[in-house]
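Both complexes below contain chain A, partnered by chain B and then by chain C.
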Partner chain A sequence: MRCLVTGGNVKVLGKAVHSLSRIGDELYLEPLEDGLSLRTVNSSRSAYACFLFAPLFFQQYQAAAPGQEALRCKILMKSFLAVFRSLATVERSVEKCCISLGGRSSRLVVQLHCRYGVRKTHNLSFQDCESLQAVFDPALCSNVLRAPARVLGEAVLPFPPALAEVTLGIGCGRRVILRSYQEEEEADSTVKAMVTEMSIGEEDFQQLQAQEGVAITFCLKEFRGLLSFAESANLSLSVHFDAPGRPAIFAVKDSLLDGHFVLATLSESDLHSPAPRSPELRRLAPPLQAHSTPHLDDFANDDIDSYMIAMETTVDSEGSRAVPSTSLSPGLRPPCSPGPYSEDNGAEASTQPGTPPPKKFRSLFFGSILAPAHSPPGPSPVLAEDSEGEG
Partner chain B sequence: MKFRAKIVDAACLNHFTRVSAMIAKLAKTCTLRISPQKLNFIVSDKVANGGVSMWCELEQENFFSEFQMEGVSAENNAIYLELLSENLSRALKTAQNARALKIKLTNKHFPCLTVSIELLSVSSSSRIVTHDIPVKVIPRKLWKDLQEPTVPVSDVSIYLPVLKTMKSIVEKMKNISNHLIIEANLSGELNLKIETELVCVTTHFKDLGNPQSASADASQDRDPEQMAEVHIDIRKLLQFLAGQQVNPTKAVCNIVSNKIIHFDLLHEDVSLQYFIPAFS
Partner chain C sequence: MPLLTPQIQDENDYSLVASLDNVRNLSTILKAIHFREHATCFATKNGIKVTVENAKCVQANAFIQAGIFQEFIVQEESVTFRINLTIFLDCLSIFGSSPMPGTLTALRMCYQGYGYPLMLFLEEGGVVTVCKINTQEPEETLDFDFCSTNVINKIILQSEGLREAFSELDMTSEVLQITMSPDKPYFRLSTFGNAGSSHLDYPKDSDLMESFHCNQTQVNRYKISLLKPSTKALVLSCKVSIRTDNRGFLSLQYMIRNEDGQICFVEYYCCPDEEVPESES
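On to the complex of A and B.
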C-alpha cells in the first residue's frame, strides 16, 4: 500500500486521527479498493469509529502492489497520533505526507515532507490483524437528525468538559434537546451536580426525522471527537438512532471521505420496575423537559407564580431533598424491556468476559450482529480479532 | 419564597458573569443572599478551615431589568441559598452572547437556582440553555452566622498597590514560605515579608497613601512610621489576589495588629470585603 496526501488534506487526515484517538488505543489501517480506511474500537467495545478516505482524496493511491494482496495492519494509536500531534505545525509546514506499507521494510512508514526540504520519517511497527468491522446500517434507524457540525458544536459547548454522558432527544414543539445525564447514584447523593439543558429549534436542522419524546443517552467525549473533525471540515453531521440501548450512528460525508462513529447508547434502566413498557408508552411519555425549557414565548412572558416553590426554611428542609429522583422525566428512563435485546447480553458476556461495557451500555457489535437476519453461521465477519495475535 | 430576576443588558450580563467568576475563584461554596435591594455573596469559613470570610455586595437594580423576590416572611424578607460557586460561574459563562438571562428559584424535586439563557444564534432561531444549579436553602436559625461582618477598628489603613504586581510577588514568595507578614504604617508604606531559617525576603511599597476617614479617629495618636503587622496564611492571600481579574476602582487594606487583615475592594458598583485572620 502506498498513498500520498498533499496540501490541506494532510491536516484533514491528522484531524481524523485526533478524533479516532478519542476512542481507541489501536488504529486499524486497511487499504481497500474504494479507499483507505482507518478504524478503531474502544476497549469495552462500546464505541467504534471509522473513516474512509476515497482514492481521490490522495494524490496517489495504490491499495496493493500489482499482483499482490493488500496488507492491512494494526498500529498503536499513540504512535500514529504522534505523527500528527500538533495540527498547527502540520498545517504550517507539511507539504505532503506519504504512507506506505509493505515493500522490504516490515514497518509502516509515514513520511512528512516539510518546508525547506525537511523530511520526517516515522517507522511504526505494526501487527497483522483481521479486518475490523462493526455491523451497522444507518438506513435501519428510524430516527435521523442532521445539522451543520457548527450547530451541534455550539450545542455541546455549555456542557462541562468532565461530563460523561449526554441525552439527546426531541422535546415538545419538535425542539432538539441535549441534557446532561446523571447517574442514579449521583442523583440520589446529597451532592448534586448541575443539570444543563440545551434546546435548539427545528429550523437549525437540515433534517429532523424523529418523533417527539424519543431520546438516547451516549458518551459525550467520543461525540465531541467527531464533532471537532466535522467542524474543522465544515461538514454536516447526521445522527441515526433507534430505541435506547441500540447503537447510535454519527456520520459525516463528503465526496472524498466519510466517517462513521457508532456509539452504544444507554439502555433503559431495569432497576426501577420489572414491568416492561411498550414502545408506544415510551413515546407518549413526557419528553425531556417535563418541567423546564420554556419556549421562546414562555421565556419572554412567564408568570412568577409558576415558579413559586413551597419550601420550609426550617431545619427539616432536608426532607424536601430526600426525594429520590433525577430531573429527568420518567420518559427518559423507563424500566427496561429486556425482551428483544436480552440475547445481546448473553453474547456479550460470553464473548467479552474481561471487559464488560461500562454502565448499561451494550456492546454494540454483538448487539447488532445478533439480530436474526445477520446471525452468520460461520466465523466470516470478524468483529474483533483475537486478543493475542501472533504479531 | 419566590425569586425571579432577568438581565437583558449585555454590559450588565458581562459584569455579573465577571463577579461570579471572581467568587468562584475565591471560594468553592458560597451563600447567596437575596433581598429586595441587594444580592450578597457570602463566605464564612470555619476557624478550622482558616476562618476566611467574604462579603460581596451588589445593588440588584444595577444589574437586573426585572427583579422580584419574596422572602421567608415580611419581617425577614430575604432568601439564603448555599451553592457551589463554580456552578454559577460556569452557567453564566455560557451566556456570553445572550439576548437575555433569567435566574429563578425553582423546585425540581430539590431546590434549584435555574439559570435560563436565550442565546443569539446566526439563524433567527432561538436556542435556550438552562442550567439547574442545586442549592441548599439555609434555614432561618442559621442566618445569624451569615450577617455582614463588622469592620474592626484598624490600626493602619492603607491603599493597596496594583493587585497584579502584588499577586506575582506573593506567588513567588509562596514557593519559599507558607506564612507571610504584611505590615504597613500611616505614611503610605506597605511591606510583604517572608521569613524562613535560611532567607528573609521583603518587598517594600511606598507612597501608597492612607485613606483619611479610617485613619483619622482610631489611630490619631499613632506614630506614622510605626508598622502594624499581621501574620497570615500565604495561600489565603494568594487565593484572594488570584480572584481579582480586573484591578478594582478602589482597594484598601485595614490591619488590626496580630488579629486580622481586612481588604475592602470596589469594582465599579460591586463591593467586596475579604477578611483573613492572623495566625495566632
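On to the complex of A and C.
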C-alpha cells in the first residue's frame, strides 16, 4: 500500500486520527480498493469508529502493489497520533504525507515532507493483520437526525467536560433535546443536582425523521470526537438510532471521505430511572418503552460487542476477503441468514491447512453474535436487505 | 530605610555587585539551564557564568556578560559560589514572572564573599523586596575539554527548525542519535522508541541551515533524558550551533536575544552514549 496526501488533506487525515484516538488504543489500517480505511474500537467494545478515505482524497493511492494482495495492519493509536500530534504544526509546515506499508521494510512508514526541505520519517511497528468490523446499517434505524456539525457542536459546548453521557431525544414541538445524563445514585445526591439541557428547533435540522418522545443516551466523549472532525471539515452530521440499548450510528460524509461512529446506548431500564428528571423525559419515557420492548431480549445490554466481529483475515480464502466490504454494508452480502453464513465460514476456515488458532477465536466470535441473532426473525432479512450502507 | 542599609555600605565591602534595570534579562537566561536544583556561579570582570550539571555527562553554561548589567563590579579576580537555582529564580520573579507591560523589575545583586548569602534587592513600582539566599561550597565542575580545533562537524541552524523536533521527541527512545555527514543524509536526528523509529532529515541547502561544515560522517548517540532539558534553551534562542568533536562529544550553543536586543549565549555539552552497533543504521 502506498498513498500520498497533500496540502489541506494532511490536516483532515490528522484530524480524523485525533477523533479516532478518543475511542480506541489501537488503529486498524486497511487499504481497500475503494479507499483507505482507518478503524478503531474501544476496549470495552462499546464504541466503534471508522473512516474511509476515497482514492480521490489522495494525490496517489495504491491499495496493493500490482499482483500482490493488500496488507492490513494494526498499530498503536498513540504512535500514529504522535505523527500528527500538533495539528497546528501539521497545517503550518507539512506539505505532503506519504504512507506506505509492505515493500522491503516490515514497518508502516509515514513520511512527512515539511517546509524548508525537512523530512520526517516514522517507521512504525505494526501487528499482523486482523480486520476489524462492526455490523451495522444506518438504513435500518427508524430515527434519523441530520444537522450541520456546527449546530450540534454548539449544543454540546455547555456540557461540563467531565460529563460522561448525554441524552438525545425529541421533545414536544419536535424540538431536539440534549440533556446531561446522570446515573441514578448520582442524581440522588444533592451535590450533583445540576442538569444541563439544550433544546434545538426543528428548523436547524436538515433532516428530522423521528417520533416525539424517542430518546437515547450515549457517551459524549466519542461524540465530541466526531463532532470536532465534522466541524473542522464543515460537514453535516447525521445520527441514526433506534430504541434505547441499540447502537446509534453517527455519520459524516462528503465526496472524498466518510466516517461512521457506532456507539452503544444505554438500555431502557437505565433510562427509566425514577430519579428526579425534568418533565420532558418523563413524558418521553412511556412511548420509548413501548417502542423498544420487542428488542429487549436480544439487545438487553448496552454493549455492542455482539455486533462486533474481529476476524482473523490471514485466512486467505475468497470468503474472508469479501468480508471487509460487507462489514460496512451488510446489504452487499449475498442474501442468507446469519446461521449458514457463519457455519460456512467456520467450515471453510477449518479446511485451511496450517491455519493458526485464530480460527477458533473467530468461530467463537461468530458464535457469540449468532446466539442472540437467531431467536428473533428480525435481523436475518435485514442482512439481506439492500442498503445505502456505504453512505 | 533600615531595609536598605546594606546598600549604604561601602561597595568595596562586596566582592560582587551587579545592577540590572530589567531582571528578566537575567532570569530568562537562567531558566534556559534550569534542569537541576543547584548551580555554580563564576563571576569575573567579564561577566557571570552559571553552570548546571547532571550525571557527570551533561553540562549547561549560561553566560551573562558584564555589558548586560548597568553596573557590574567584581573586586577579586574571580568569585565563585554555589546556589539553589530554583530559589534564585523564584526570587528573581518575586513580582511575577510575566509583569504588566511597561513595568520593569530592577535588580541589585550583592555578594560579600565566601560564606555570605547572596543579597538581592528587587524593585518594581517603588516596592522593594530584599532576598538573602544562602550560598554553598562551590563544587568542582566538569571540564569537557571541548576544543574548537578538534571539531569535526559543525552546523548552524535557525532554532525554529529544531524547536518542534525537540518538543516532539519520542521519549520512549532511550537515545537521540545525531548523524552529521558531508553526504546524505547531511543532518539527521533519530529516535528508536517503543512504537518504532523516527528520522528527521535536514538537507544542507535548507533555508534553515545558516552554515554547514561537515568533514566526516559521524553517528553518535546521546541519552535523550540528558538532552531533553536543552529544549528550554532552544525555545528561547534564535540560532543554534551544533558541533561534534573527534571523541563524539556534542556542543550545542544557543544564541538568545533578550528583551533589549542584546545577545547572550547558553551552551550545552554532552557525552556520547555507548558505541553505535554496526548493524543498526
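Operating definition for what follows: the second predicted complex is superposed on the first by the 267 of 391 C-alpha atoms of A that agree within 3 Å, B and C clash if a C-alpha of one lies under 4 Å from a C-alpha of the other, contacts with A are read in each partner's own complex, and residues count from 1 in each chain.
In this text, a residue touches a chain if its C-beta (ideal position, glycine included) is under 8 Å from a C-beta of that chain, and two chains touch if they have at least 3 such contacts.
This structure is a prediction, so every number in the text was calculated from the model and none was measured.
Chemist: If you stack the two complexes on chain A, which partner ends up touching A:Lys78: first (chain B), second (chain C), both, or neither?
Modeler: A:Lys78: touches chain C, not chain B.
Chemist: Applying the document's definition of touch, where does A:Ile200 land relative to chain B and chain C: first, second, both, or neither?
Modeler: first
Chemist: Given the superposition on chain A, which partner contacts more residues in chain A: chain B or chain C?
Modeler: The partner making contact with more of chain A's residues is B.
Chemist: Tell me which partner A:Ser125 touches in the superposition: chain B (first), chain C (second), both or neither.
Modeler: It touches chain C, and chain B stays clear.
Chemist: Would you please give the residues of chain A that touch chain B in one complex and also touch chain C in the other complex?
Modeler: Of chain A, no residue contacts chain B in one complex and chain C in the other.
Chemist: Can you list the chain A residues touching chain B in their complex?
Modeler: Against chain B, chain A makes touches at 154-155, 157-158, 160, 192-201, 203-204, 289, 291-296, 299, 304, 307-311, 313-315, 317, 320-321, 323, 325-327.
Chemist: Under the definition above, what is the set of chain B residues touching chain A in their complex?
Modeler: Residue positions touching the partner: 1-2, 4, 68, 72, 84, 87, 90-91, 94, 100, 102, 104-111, 114, 116, 118, 121, 123-134, 136-141.
Chemist: Which of the residues in chain A come into contact with chain C in the complex?
Modeler: Counting only chain A, the residues touching chain C are 75-76, 78-79, 82, 85-86, 89, 93, 107-108, 116-125.
Chemist: Okay, in this complex, where on chain C does chain A touch?
Modeler: 161, 164, 168, 170, 193-203, 205-208
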